[in-house]
Amino acid sequence: MEYNRMELMICLASRFLENNSTVVVGTGAPCAAAMLAQHLHAPDLMIMFEAGGIGPILPSMPISVGDSRTFYKALVAGSMPEIMETCQRGMVDYTFLGGAQIDMYGNINSTMIGKDFDRPQVRFPGSGGANDLASFCWRVMVITPQDKRRFTNDIDFITTPGYLTGKGAREAAGLPPGCGPYKVITDLCVLGFDEETKRMQVESIHPGVTREQIIENTGFELLWSPSLTTSEPPTAEELRILREKVDPYRYIIGRS
Amino acid sequence: MEYNRMELMICLASRFLENNSTVVVGTGAPCAAAMLAQHLHAPDLMIMFEAGGIGPILPSMPISVGDSRTFYKALVAGSMPEIMETCQRGMVDYTFLGGAQIDMYGNINSTMIGKDFDRPQVRFPGSGGANDLASFCWRVMVITPQDKRRFTNDIDFITTPGYLTGKGAREAAGLPPGCGPYKVITDLCVLGFDEETKRMQVESIHPGVTREQIIENTGFELLWSPSLTTSEPPTAEELRILREKVDPYRYIIGRS
Amino acid sequence: MEHPDYGLKEERQVVYRPVGHRKLFMNPDADAAREHFRQKSRKLVEKVTTLADAISRFVHDGDYIACGGFGTSRISTAAIHEIMRQRKKNLGFSAHAATHDFQLLVNGGCINRCDVAYIVGLEARGLSKRARQAVESGEVELTEWTNAALSWRYRAAAMGLSFIPARCMMGTDTIAYSAAVEMECPYTGKKYVALPALYPDVGIIHVHRADVYGNCQIDGPIVSDWDMARAAKRLIITTERLVPNAEIRREPHRTVIPYYLVDAVVEVPYGSYPANMPYEYYSDEEHLQEWLRAEQDPETLAQFLERNIYGVKDFWEYLNLNGGPARLAELRRMENLIEK
Amino acid sequence: MEHPDYGLKEERQVVYRPVGHRKLFMNPDADAAREHFRQKSRKLVEKVTTLADAISRFVHDGDYIACGGFGTSRISTAAIHEIMRQRKKNLGFSAHAATHDFQLLVNGGCINRCDVAYIVGLEARGLSKRARQAVESGEVELTEWTNAALSWRYRAAAMGLSFIPARCMMGTDTIAYSAAVEMECPYTGKKYVALPALYPDVGIIHVHRADVYGNCQIDGPIVSDWDMARAAKRLIITTERLVPNAEIRREPHRTVIPYYLVDAVVEVPYGSYPANMPYEYYSDEEHLQEWLRAEQDPETLAQFLERNIYGVKDFWEYLNLNGGPARLAELRRMENLIEK
């Protein structure tokens, strides 16, 4: 069955979300992945939005993390501190992040390109809640296209903590132990993090993609999982649900 | 007109409550004083209760600081932290306290009698919110009968801060500046606090009471205001409202 | 145009001073709490059970418990009776504006240590003789705090912290008999009390409405229950009534306690009696006076406890013993200010 | 039975380290705030006025302001337009999940410094070219924070503190470009960020219902407005509708903002347009795209601003220019998921 790279990333991401777990999502691909998971293997995945919505029955894709869709028939329409404190307390399993740059430890830049903070070449929105969520949620996931500019160790600004400088660095910096980047899902492969070095390692390569392509599109040296596999492509069922129920207007999957 | 000492204390206390100010009250005499003030000179006195009630239209005397009367047709039925934080933020003008012992700096004991904390002679309820309210509210008032046992510098336990050891002591201890004990209304006199020493000083003597009686019933040396007066007895109007509207069943004024 | 900068510019050496010398009963460490919360189920599953089951599964001897409500308002009397009936022992207790709940737990011989803001009194009603004895004899070990301090200790835990600053207690014996530390503000240099987070083992809260999963609504003052529900490692809900999940979803901004905080839901109409349940029933002042009177004499008290707590099968029986539906209807009228 | 003691037993020397090197724009001192709040009126008086009057009396050039809601949800667009129309200058701004509000204030040339969590973007809709320019050119001076950090800075102020601990930002450039201090927990010795309290000069919040005194109800997520309303020294309320005081008193547990926090109340139906007002109307995505498009060219932008903001008398005129009642009815249907 045909699928585009956005559809592939969303399907792969959704499979990592366990049933009966909690996830804070934003708009776009992460929300689509969570909704897809709910329709398939994780009907009781509890979706939370930063502005305060918890457990909505999502009637459609929200445009904003605060819009009315995010608490439609929800269990709670709470507050931003409530969500952030639930994360800080250790009650949130997953979150999704994106950014302009990511390094081999999963540190993310969503603040600026350039070396002078007062005169950046390009300014992005900044942390929003990303830094908070990455500091507190147990398993941080990233959905992003992969290229050399984006996957770089020459990161201009660490907005959001990955493993910082490697094993033990989060804890040394004062961040709560035991959490951090979990999976990075790109248009080329799925990456995890090596237990010893906390460096990014390729876990599965998408069908039709070569190792060389991945290396060419990465600005740092990658590790390769000893149990490297080929990514399981989206099933017909996944694609059907994604296209018919999750994103019928192709807001997200049409972007590919 | 005849009146008992409880009626006298309530009427005198109510006169100190300015209109358009905020007051946290408990049950009993303080609540009666606040209600009386509302009926007379301070219709927009904003009454708050520690459990979360703000601005109720009190249908009768509450029995508990948390009972339904405390938020009957109220503006807010909030939370205890909300009230305490409103106080800590400096938005509450008055509060009323009581206790088993009070010293010349207005420090109050409502915890225990005895010298051994683990085996007190008598245990009282403890601070409740008294310590908090006395730490944060701008003007702290006390309504209490006066006797040598109760008005003593040999205080067994400072539950609640008055001026601690004198001028500047609250600030040195870290308490917010500018607040502290304001008036102590007893069955013998009204006491304030000398600006220089922060010691208790008699400001007005109740009709029919002598200086000697006051001295005999006080365990420490009192100061006497240079502008010492006689307390203005309850007016007929005050007594009528107190008896007919505020406490028709004589729950409080019947205790005298 | 230049604007002032209020930031700290240089490193500063400061001292943390333990000014409170009593025992800190509970571990304030946020990471230990995170490990617990990591394991806690987020499963949207029916949690409705009986009080007997809820108390036996979630309250263990030696646990530290916290009760919701305020004094004689919206406390979970039914759950506390069951704790007494199951003869739970060596419990720790957070006595945040405690009155009848503390009185009950002491009468049951259930607690041996207590963080205190308010104990032994029943507000304007008088003092509990038995509760007073227990404290005066050293039967219950105390550490002093204040109502605000205990509220904020819950708040710190609800936020996932190990401490929170406050400005109360300073300069008094209350702080000397607490377990608090004095510190200063990094920005202003002013003195603060650092309050340790309080993560109770078990929280017990009586609510107006809950669904079978544990999503709860409360009417009237929330007191400190928003924070306490989040601070507690396990949470038992008793509710006036179970409602369909759709009722929760109809007004999601009314949800005070989300289901994932909750371990057990028990429907106990009148579960706060003889306390006051806002909008439902007023406190039974006569019965509360009976309690105070019974405590005057040990033998009377033993009989009273046997009759009201130990000798009854469940809370319905207790309600029936004390006037049953007729009395409850009366208390409902009193609550709603309707003359008999 | 002996219980562990988790308290601090000995004095400990620690270091407060200023790890954030940017400017702390606002004074976090709680005593200065208390002095202000001491003076603030508690009078239960009618505060209903016009937007023109509210903004001119309570927002002064150089003030630091905070806006309620989240991104394009429940922001007070009407109040921000009026700030632009009155050509307010040199404002500071707390950009807590800011989107269209930040875009507007930059387009108005109103702000010159900003505490940042989220700026220049309109979430999934794209980026504001003008907002980006303003930041890239240094026109607006920035100090970095996060959404949670700004929420908690309001919380600290709402609690009457000068700081509050948190566990975010650590180890990143976000903290390096903040004005935060690193400290440690007095009980556990673990590292914490001390966040400085944020007491904005002016808060502006759009609500569903308010009475003439300023008692307010909000439906849907409160975002950070509970705390921000309490943190702000002055507070301007715009409301979808004014309701009788009796409606507030009927459900006092619904009051999110009590009157004594409020300085002005302005009834502005659709006051959040083109943002989303929960249960009332959905965001006008087409008009928001118009904004983004207009910013592509300076001349177009000038005309667009003249047409929509500077050239109109009031917010009604703006609404009429952009579809008026028909469009608003459409947005209401969209909000309620009713197909046209």
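Order of writing sets the chain letters: A, B, C and D. Residues in each chain are counted from 1.
In the analysis below, a residue touches a chain if its C-beta (ideal position, glycine included) is under 8 Å from a C-beta of that chain, and two chains touch if they have at least 3 such contacts.
Please read these numbers as outputs of a predicted model, since none were measured by experiment.
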**Complete:** Label-sorted list of chains bordering both chain B and chain C is D
**Item:** Intersection of contact partners for chain A and chain B
**Value:** C, D
**Complete:** More Cb-Cb contact pairs, comparing A-D against B-D, go to A-D
**Approximate Å spacing (C-alpha centroids) for the pair chain C, chain D** = 34
**Item:** Inter-centroid spacing, chain D versus chain A (mean Cα positions, whole Å)
**Value:** 27
**Message:** Can you work out the whole-Å distance between the CA centroids of chain A and chain C?
**Reply:** 39
**Asked** Which parts of chain D, given as residue numbers and ranges, touch two or more other chains?
**Response** 30-31, 141, 152, 159-161, 166-167, 190, 192, 219-222, 253
**Request:** Would you mind listing the residues of chain B that make contact with two or more other chains?
**Result:** 53, 71, 77-78, 81, 88, 136, 176
**Prompt:** For the protein chains shown, what form does their contact graph take: line, ring, star, complete or other?
**Reply:** other
**Asked** Which pairs of chains touch each other?
**Response** A-C, A-D, B-C, B-D, C-D
**Message:** Under the stated contact criterion, what part of chain D meets chain A in this complex?
**Reply:** 69-74, 97, 99, 116-121, 123-125, 127, 132, 135-138, 141-142, 144-149, 151-152, 155, 166-174, 177, 182, 190-193, 219-227, 276, 278-279, 282-283, 285, 335, 337
**Item:** Sites on chain B touched by chain C in the complex
**Value:** 26-28, 50-53, 59, 63-68, 70-72, 77-81, 84, 88, 107, 111, 117-132, 135-136, 157-161, 164, 169-170, 172-176, 251
**Prompt:** Which chain C residues qualify as touching chain A in the complex?
**Reply:** 30-31, 33-38, 40-44, 157-161, 215, 230, 248-250, 252-253, 255, 258-260
**Message:** Looking at the complex, which residues from chain C come into contact with chain D?
**Reply:** 1, 3-18, 20, 22-31, 62, 90, 92, 112-113, 141, 152, 159-167, 179, 181, 183, 185-188, 190, 192, 194, 196, 218-222, 252-253
**Request:** Over in the complex, which chain A residues touch chain C? Could you list them?
**Result:** 20-22, 44, 46, 53-55, 57, 71, 73-78, 81, 85-91, 93, 136, 138, 176-178
